[in-house]
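Structures for review follow.
After this come two complexes, each holding chain A, first together with chain B and then together with chain C.
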Partner chain A sequence: MRTATRRKFWRTVQTLIIVIAAAVMIVPIVWIFMAAFKSHVDVYQLKLLFKPTLANFAAVFAEPYKLGDKLINSTIVATVTVVIAIPVATLASYSFSRFRLRGETTMLVMILATQFVPAVVIVLPFFVMFRDVGLLDTRTGLVLVNLAIVMPFAIWMIKGFIDGIPIDTEEAALVDGSTRMQVIRNIVLPMAAPGLITSGIFCFIIAWNEFLFALIITNKDAVTLPIGLALFKAEEGDLWNLLSAAGIIIMLPMFVLALIIRKHFVQGMTMGAVR
Partner chain B sequence: MASIRLKNITKRWGDFVAVDNQSLDIEDQEFLVLLGPSGCGKTTTMRMIAGLEEPTEGEVWIGDRMVNDELPKDRDVAMVFQNYGLYPHMSVFDNIAYPLKIRKSAPKARIPELVRKAADRVELLQFLERRPRELSGGQRQRVALARAIVREPQAFLMDEPLSNLDAKLRVTMRAELKHLSHELQITTVYVTHDQIEAMTLADRIGVMNDGRIRQLGTPDEIYNDPANIFVADFIGSPSMNLIQGAVDRNCFVTAGGQQLTETPASDLDRAVLGVRAEDIAVVRLGSTDVDARVYAAENTGENVVLTLQLGEQRITCKEDRYLKFSINERIGLRFDSSKTYLFEPDSGARIRQ
Partner chain C sequence: MRDNTLKYLLVMPAVVIVFATAIWPLIQSFRYSLFQGRLTRPGFPQGYIGFENYTWAVSQEPAFWNSVIVTGVYTLLTVALTVLLSLGLALLLVPGGRFRMSIQTILILPFAMSPALIGVSFRFMFNPEFGLFDAFFGLLIPPLADISWLSDPILAFAVCVMADVWGWIPFLTLVLIGGLAAVPSETIEAAQVDGAGGWQVFRDITLPQLAPVLAVVIILKSIFSLKTFDQVYMLTNGGPGTATQTLSHYVYFNGLKYGQLGYAASVAWLMVIPMIFLTYAYAKLVFRKAQQ
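Showing the complex of A and B:
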């Protein structure tokens, strides 16, 4: 009886902790979601019943905010980053995973070490370099910066997936008559696909949310969505309803991508290749 | 089909020597088994034939071509891996068809026919649409076999193909392999650490240790005429008794002073006598010069395995399963001098007279 009571008590405590943790994460999102559909006057009131409006969404895409331009910038920058990063990282990871390279460990650690440098430290050198070569306020500049940010991450992540592919499978393909490139195309890529998709989505999310560099090296033409949010600071205070509407637009693709990752993440990798 | 020749092959990784200046001639259509403990260099030797490993020194010949600089795909050998190495994202049909498709060695229209023929040989016809993960271990191994036999390679290389299967299936697959190799008549190199597989499948066995083939011969020669202590000890279960002693006036005398058996060898201060467990006969105490004490008697069902205390040493012998022994019982032993082997204790070499 006593153990049953105790177990019930702990069960309750657990539930409570989970509810609190979930609330901490979800409440702000719910608040933003509601604010995005509220009129300017309703925003500061915590009422759950209000007359929803789509006016905020119309406003953020109209002059003077023109969030559409930022949306296009963000989409292009994040997409191009992923399209370059994943193939390059895949080839790098494959080499790290399958060949014995001179100074392999050092190289891998160095690649990882670039992630230890606080972005704030290198943002100014980047600004100066980009100014000298005319990359300030360009999407190309942003893609370069984002590549520097996501590549180490992508290489390490994809290497993990390729390490998981049994070497026997590749050697079998070599003996069966494939060239190294055919092995990569016919065997490694299909088997690593869930990993490549997952890594691609992670890179997309990182590039999409990147704030610091975009803030410093863009000012007009190449401004991305996270920087665009700053536009909604007006003289009369923060325009919370517009900020929220823009927030929803930023979050929505992330939400969809997160769902896709979840599906691929749990998918088995080796799928009965060995034993 | 072709012969395979290794000329003074060496493989080193840094200071570690995996294969040490080894030469080997494998005849056309021969079934050669490389047998040895793990780490003896047998798999490395095979991988150098396949082209998956580059020899540090020496030459690999397949037929009349020196293939050192050829990629695995150009050597025209087929390999079966311990872990099968199947393509998990392809159906069984596509797995078997892959070598044909990638080599373009057969016209496209003939591929289904060839795949079905190979699948039929290993009784896989009803599984062609399945993925490897939907198959049992034995079936996966048969897919790997079918993928090897679907084309007619110069040689088969098999790297412990049965060691992931359970004991019962291993026996069945062993017989299938034997039958298949008889039908196909293709040069085969087979790597294993299982002496039963080696004895049953091989035309010739190369017993390897420390990167060298210690003896190369037919299963009969390996079992009945071991060239050194390593081979004598490695082959046979239980392994051969190795008794320390000396040769004195054409008689092998144990360290404890018992005269075991006659030997034609001249006098030696130190020698090792090898005798298999089944070649020692238990006799009535006192009817020979040798007596021993029963340390343990184990009935395996097939026979009784005795562990005996012979002076300072323990030996094993196999006796008829209907005999009963009690622990500490004293018994007499008879050694058949024609079934004993004399070895040099330091080098391990056989002493022949």
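Showing the complex of A and C:
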């Protein structure tokens, strides 16, 4: 009897801690969601009940903020980055997975290592080069630097997926006279498709949230959404209702994408060190 | 085409991109670090001075050492707090069931948030007049009620640490849940039958089994903590004064705001040194996993 009560007590404590932890994680997000629908009078008060308005969303898309332009920039830059990175990474991952290459380990370690180099180190030469060739403040320039962070993730992640595909069907097709490229197109690609989509979404999120490169490379025409947040720091202080509306526009699509690939999130972030 | 040629052709585009976007800038940054390298003057990089930028940073710049200390303390605190809290949360969540699974799903959300946005939202939460966390801490610890968190050097630093820990707990928790799920439950049950208590089971069975995953998590978190820029930039912009100026922020300011690119490149390269050790350790773990 005694142990039963004690166990019940502990179970309640555990549930309570989980609920508090979940609340701490979720409250800042909920708070931003609420602030985005508050009028600029209500946002400066700690209240839960207010009259919701869509005015903030209208305001961030209007002059002078024109968040729509930043939304387009972010979408184009992240999409093009992914469209380049995924096919290139797929071919390389296939080769790394199925063949033994000279210097394979060195190459893979180098690719892994580039991911850990501080972004400030990488951006300095790009800034100088872009200034010289006129790529500063362009989406092309941004795609180029984004590839630096996205490619290593893509290669390691896709390699993990291809490693998991059994090799038998491929060998049978090769014996039947298919060429290697046919095997890749007709057998590997269909089987790896879910993995490729997952990797693509993962890289899209990284490119979308990228901040430091965009801060340094862009200043007007190619500004992306995360940098656009700085627009709402006014002389008289931060415009929190507008910041929150912009924040929702940045995070909501990523929430949806993250939920789609949540099973593979861990594997992607650790580049295959944890499956 | 023969596989022997094809296999190199397939990796070529990827290797070229990685080389051009990561290895080349790394080498180029090192070259800049040997020059005076003023961004605003013509003929960049100009004035070869060997390793003078490095010796200058180490011997003449208190601001550099300030950033080293800020980054060091920040890394130690964020790694320790994130790992411990995540481990606790993972242990609570690992039994599964509908309630715990739905919490796990929620955990994905903060991690999909851009770090810049996390910075913004924490500035919001700690606003002295209408910040929710500010009000909460004010109720909990009355002396903190009237304090403007972000204007106080130590508290601003604390808010940066909290924002970082908040942003990373979900991801680390999910990784550790994965690691805990791999611990064979038979071993745990056998130990319980033998009369081992909860803490004994954790120390003698769970922890050793979890060690490789913990190592991955600690190294990965250390690397990202050492590089921290986005949140700090949006939250405090290094301030008040230089109380929260991390090394990445220091490099950004010297290189791109003050145009001292040569000097900034040398500090950036000093940052690469600890990364080499961490990456080496990480690569060893990844390859051990791959060989299993």
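Methods note: the second predicted complex is superposed on the first by the 260 of 275 C-alpha atoms of A that agree within 3 Å, B and C clash if a C-alpha of one lies under 4 Å from a C-alpha of the other, contacts with A are read in each partner's own complex, and residues count from 1 in each chain.
Going forward, contacts are C-beta pairs under 8 Å (C-beta built on N, C-alpha and C of every residue); 3 or more make two chains touch, one makes a residue touch a chain.
Values in this document were obtained by computation on a predicted structure and should not be read as measured data.
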Chain B versus chain C as contact partner of A:Ala23, first or second or both or neither: neither
Contacts of A:Trp240 with chain B and chain C, given as first, second, both or neither: second
Partner chain(s) touched by A:Ala173 [first = chain B, second = chain C, both, neither]: first
Chain A residues touched by each partner, larger count belonging to chain B or chain C: C
Partner chain(s) touched by A:Ile72 [first = chain B, second = chain C, both, neither]: neither
First, second, both or neither for A:Ile260, with chain B first and chain C second: neither
Residues on chain A lying within both footprints (that of chain B and that of chain C): 179, 270-275
Touching residues on chain A, where the partner in the complex is chain B: 166, 168-169, 171-179, 182, 186-187, 190-191, 270-275
Chain B residues touching chain A - in the complex, by the definition given at the top: 50-52, 71-73, 75, 77-79, 81-89, 98-99, 102-103, 105, 131-135, 137, 140, 144, 147, 157, 164
Residues of chain C defined as touching chain A within the complex: 1, 3, 6-8, 10-11, 13-15, 17-18, 21-26, 28-29, 32, 39, 44, 89, 92-93, 99-100, 103, 105-117, 120-125, 127, 129-130, 132-133, 135, 166, 169-171, 174-175, 178-179, 213, 216-217, 220, 223, 226-227, 229-230, 233-234, 247-248, 251-252, 255-256, 261, 264-265, 268-269, 271-272, 275-276, 278-279, 282-283, 285-287, 289-290
Chain A to chain C touching residues, read off their complex: 14-15, 17-18, 21-22, 24-29, 31-32, 35, 43-46, 84, 88-89, 91-92, 94-96, 98-99, 101, 105, 107, 109-114, 116-128, 144-145, 147-148, 151-152, 155, 179-181, 205, 208-209, 211-212, 215-216, 226-227, 229-230, 238, 240, 243-244, 247, 250-251, 254-255, 257-259, 262, 265-266, 269-275
